[in-house]
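Next come two complexes, and both contain subunit A; in the first it sits with subunit B, in the second with subunit C.
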Partner chain A sequence: MSTVELTLKQQPELYLETEKITPDSFAGKSADEIAALDVYEGNLTHKLGDFFTISGTPGQTAQDTVIKVKGDLLRIKWIGAKMTAGKVIVDSNTDMYTGAFMEGGEIIVNGNTGHFTALGMKGGNIHIKGSAGNYLGAAYRGDWRGMMGGVLRVDGDAGSDVGTFMRGGEIIIGGNTDVHVGTHQEGGKIVVKGNAKSKVGGQMVKGEIIVFGTIDVMMPGFAHRDNIDLEVDGAKATFKRFEGDLGERHPKSKGKVIYGQLYIKA
Partner chain B sequence: MTKLITDVVCPFCGTLCDDLEVVVSDDGKELLEVNNACAIGAEKFLHSQAKDRLTRPRMRNEDGSWREVSYDEAAEFTAQMLAKSKKPLMYGWSSTNCESQVVGSHVAELVGGQLDNTATVCHGSTLIAVQDVGVPSCTLGEIKNRADMVVFWGCNPAHAHPRHMSRYSLFPRGFFTAKGHRGRTAVVVDPRPTDSANLADIYLPVEQGRDYELLSALRVAFRNEQLPDVVAGISKEKIYEVAEKMKNARFGCIFFGMGVTHSLSNNHNIDIAIQVTRDLNEFTKWSIMPMRGHYNVTGAGEVWGWQFGFPFCVDLSRGFARYNPGESSSNDLLMREEIDSVFVLGSDPGAHFPFSSVKKMNALPCVVVDPHITPSTVVADLHVPVAFVGVEVGGCAYRMDSVPIESHKVVDAPEGMLTDEEFLKLVLARVKEIKGV
Partner chain C sequence: MAEYIIKNGFVVDPTQGINCEKMDVAVKDGKIVDASEVMGAKVIDASGKLVMAGAVDVHSHSAGPKVNVGRNLRPEEKLNCYNPAKGAKRMEAGFSVPTAISSGYIFSRMGYGFAMEAAMPPLYARHTHEEMRDTPIVDEAALPVFGNNWFVMEYLKNNEIENTASYISWLLKVTKGYGIKCVNPGGSEAWGWGMNCLTIDDPVPFFDVTPKQIITGLIEANEYLRLPHSMHLHTNSLGEPGNYQITIDSLKCAEGIKADNDFGREQVLHHTHLQFHSYGGDSYSSKSFESRSKEVMDYFNSTDNLTFDIGQVTLDETTTMTADGPFEYHLSHMNNLKWVNKDVELETCAGVVPFIYNPNSFIGVAQWAIGLELALQCKDMTKCYLTSDAPNAGPLCRYPRVMKWLMSLKSRDEILDACKYGESVRRQCYIGEFDRELTLYELAQMNRQGAARMLGLSNMFGSLKPGMEGDVVVYPLNPESDLDDGEKIEHAFGNAEYFIKKGELIINDSEIISNGSKRTFWVNAGKELTPQVERDVSERFKKYYTVTRNNYEVKEHHYVPNEYMIEVNAA
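Coming up: the complex of A and B.
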């Protein structure tokens, strides 16, 4: 594994779109070639080297490449978007779309991420040590496919609209979430270690939501079925099992209707 | 001798009433009387006759006072501001005609701007929901002629769209609705007992911010599944009763407004209301329609829909159209300091945006094109007064049911005043020169 280190030397006046900060676009390039990659500020096109100092060399392939991004990255969008392999380590808070449409590899963020983190994620691992904004692992506007695969772990809290239209993969949130968890969910698993407010599992078709804390207001379309013991993310506990959303369409498998599963710690 | 002009289209709200009569002076210069309009619509016409109205652009001096400038100077300032910006916001577009919106789109494309209309603080959440799950809708004419049940959810047409209920939704006698309002069941869902609620057969005082739960409960009821005893402050017996009435209607329509688009859950409220409508179509015929506010906000969405593929929050900065409310929406752009200049036409964000956004407008170069003196013009560096669209110039506008209606000119604008379209064409020509295209 070869490491490239990017350090922010110049804050953009507005915000910078840096979807080129991925192992895929860095692999096999020299530091000068990396510095010459395009980044965008409004309607202007700049070079990556105008804003970042670049040291180290990437690997020959994305898989062999590690990118460390340093500096105050609060005005930087799209880090690690669409990456397929390799590793990105972000040493600060970042803005929107971190790891959006990611297909593989790993992203570690030692801070908070903005809204639309891991939007439409297909695979790979993301670990956010801080908190995430709204639309974590949700679908892009108008798309009926949200997060499709991979593992998305947030140690802190998440905003609203976690996993909207989620169809696969796993989201684990260490803290609390705002409203709307797993709206239109049709697969995958969302774990909330803290509390969720309300609108949990609205219009849910399939999949699982597991809440360790409380839900302020339950959706009317969830019916309590039984209590079961589960091991979730290394913790064993007894959960109340609900099925829903009873107002939504549901597929049948072997003559049996498949409902979304909502577990709340008993 | 005065002249009576009939079939005038009212440029106030999305109801776009087209049966107004206006009395003008013999020389066609003065508007004397407005008939058939609601109080707000009549005022819009009469307000154009104000004697102290601004008729020339004005630029702010260093000390905050204003000086009069020519339209050419105003166009020059606007073009320079837009062409030099990295990310100009071009907001408004809802109180003007489609012709102006088209020219504005060309300017935005050349300068790589952020195009946004008033849907961003209005029915934008509706547009998001429609994109997510589609929409079964109809025209207002169908409602007048067929509907025997109407639901007003989170809207108060008695005040916001004063002639909506009498022209289309509740009172009129139509082809299959000869009994008028006696043949229609009206349901109002609103946390507050509004004047519209007073006209309802069934009033559901939903708990504030729990519309999503109540709509979901209706879907549960349609499927004959069990409900909790109380949902969103409404008893389950009441919910089952309303659900049964909706299933048994011959033709129904859900009208909805800001009460659901801008309360907790926003677009999800509309998303699930659309699914309620879809569910109902398994039993009978139902439609759903947003109560659009500005008379041509629907038109702005239509024009950008055909030009860029997105109805609002259009980000043209990278040379192709992108869209993501939450990022490319005016208030997010302003509050997050993502833009470096503001151009406003056909809206008054100064009055309707959060104060923190207006403060940012004040700090940025800002041009406001508006016939009136408004809170937006107070924070502007350049104020360009123009002719009133629908009063002093005609043009195409889209009604809330997306039906295009051609509005007419009824009086002349004060001498030498430009229209939105004419001013934008000056700006477009100058931007082309600066950009060398």
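Coming up: the complex of A and C.
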């Protein structure tokens, strides 16, 4: 594995869209070639090298490439977007769309991420050591394909609208979430270790939501079925099992109607 | 105005019987002229390239309320599909429902000089015209919908052709419309009661008129008015397995009626997106669903007063939108995606649903096959037009891909071989029986000579004869060496190297350099309202409408700043 280090030297005046910061676009390039990649600020096109100092060399393939991004990245969007392999380590807080539409590889963020983190993620691993904003692992505005696969772990809290239109993969949130978890969910698993507020699983069709803490206000479309023991992310506990959202259509599989599963620690 | 001479290209122009001959084409003062008439004209070197007249699109949806609702419904399309501004060219965005600006550029890159917006709800005529106004370069016109109009149904119940014609003439004038569109006759009205008209003999609730009466009556009213275009029909039971018999029954409504007009039009009925109407079987499963294109085309080929367009499925993710509200409702319940139903007072309704024609599914590829079969079985290519009912069966920008499939057996086989249901499609459809590959001449017969004639515009578009509109396109395709390569065909027809529209250079060296001076065409049928229709319209508006007649009127200076009025001489 070869490592490239990017250090922010110039804060953008607006926000910088850097979807080119991925192992895929760095692989096989020299530091100068990387510096010449396009980044966007509003309707202006700049070079990556205008904002970052670049040192080290990437590997020949994305898989062999590690990118470390350093500096105050609160105005940097789209880090690691659409990456398919390799590793991105982010030193601080980032703005929106970190790891959006990611297909493989790994992203580690040693800070908080903004909204729309892991939007429409298809595969790979993301670990956020801090907290995440709204629309974590959700679908892009208007789209019906939210997170499809991979594992997304947030050690801190998450904002509202976690996993909207989620279809696969796993989201594990160490802390609490705001309103709207798993809205329109059609698959996959959301684990909330802390508390969720309200509107959990609204219009959910399939998939699982597991809450270790409390839910302030339950959706009326969920019915309590039974209590079961589960092992979730290494922790064993007894959970109340709900099915829903009963107001929504539900597909049949092998003659049985499939419902969304909502578990709350008993 | 600049003069141009396009030198040494391979010219294809069926109207003049020119088939890939090396010759020069000249444009002066916005018109095609004889090459000897230009002196000191700017020379465009077209050697080794294909030169054709600007193409004519007979049926697509690129402007109007439901298109705009489609744009609002699908913000996600613009995330990865955009093209920044460059010089005179403005920003483009969107894929299946591109922005108005983008639509104009897509038409231009494909070399289209005229396009017909296929469904204009009368009450939203103003909106439709505003969007057409903002669609650069390509000349356009729109067809108001009449098949579920309360007045039309009332008059046709009693077979009052003169009153129907009078009402149509009035509505064409106030909405600046071009001709008569009829969508799911009676069925969209029945949808207001939660019902539908599935065959042409199902009476419309309350009105007690059948779709058959509506179709026949509108054809007769059209010929009574002697309009440039014929009745333009989307018949009942679109997309339903087993609907081919309804299609043939609908086509038979035109039997014995002769075209009456001064525009060179020969057909009295145009059946649109015929692909969606040529299905056999009783479900969408690979065991039951089958093509009935042969039966439909056997009937079609035996007639001389009909035309159709194929409505080719392009195997893309697209956005369906039609004034067939009940169909869209059922579609939304098939794929469970977001949807919109839109009602427009008492005249029509519409729905919008995103849809994915999956190239790995049986049904998607079977629909794809049926569209191509229709064109491949047609005997007179001037009566068959290439469309994708854009964006219903596929985005507008996919026309070149459809041309590839029509012109290359190998490209068709690639689709069938790649799909795991390819064998089922070959068994259930006729696609495997045809090795016909359309020629450039036939392609030009479809979307140039034929399309212009069926719209009543053959004196302006579709040919490079001196005197025609100065619409010329140069495609980077060498007919002597490139026709074996499907990819080259697709690329060439989507990326014109030069495009001259009405004498103005729009595309130079594959770059859009001008936004042209687009015109909106409309038809003034000249008939005043008969006293009875005048009284009916006033009374009904007072009694049933929440708007007044003034809400319809499309004022030229704002909505149609660059109009082209076609006046009809009554018999």
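The working rule: the second predicted complex is superposed on the first by the 266 of 266 C-alpha atoms of A that agree within 3 Å, B and C clash if a C-alpha of one lies under 4 Å from a C-alpha of the other, contacts with A are read in each partner's own complex, and residues count from 1 in each chain.
The definition used in the following text is that contacts are C-beta pairs under 8 Å (C-beta built on N, C-alpha and C of every residue); 3 or more make two chains touch, one makes a residue touch a chain.
From a predicted model like this one, the values you see are computed outputs, not experimental measurements.
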Practice item. Please work out whether A:Gly142 is in contact with subunit B alone, subunit C alone, both, or neither, and reply first, second, both or neither. Key: both
**Study point:** Which of subunit B and subunit C A:Gly42 touches, first, second, both or neither
**Key:** first
Point to revise | Partner contacting more residues of subunit A (subunit B vs subunit C) | key: B
Check your understanding: In the superposed arrangement, does A:Ala223 touch subunit B (first), subunit C (second), both or neither?
Key -> first
**Study point:** subunit B and subunit C contact sites that coincide on subunit A, given as residue numbers
**Key:** 140-142, 144
Point to revise | Touching residues (chain side subunit A, partner subunit C) in the complex | key: 139-144, 249
Point to revise | subunit B residues within the subunit A interface of the complex | key: 85-87, 111-112, 128, 131-132, 210, 212-213, 216-220, 222-223, 225-228, 231, 264-265, 268, 271-272, 275, 279, 317-319, 323-327, 336-340
Check your understanding: Okay, in this complex, where on subunit C does subunit A touch?
Key -> 73-77, 79, 336-338, 354
Exercise for review: Using the touch rule from the top, collect the residues of subunit A that touch subunit B in their complex.
Suggested key: 13-15, 17, 40-44, 96, 115-116, 134-135, 140-142, 144, 165, 179-180, 183-184, 198-199, 202-203, 217-221, 223, 245-248
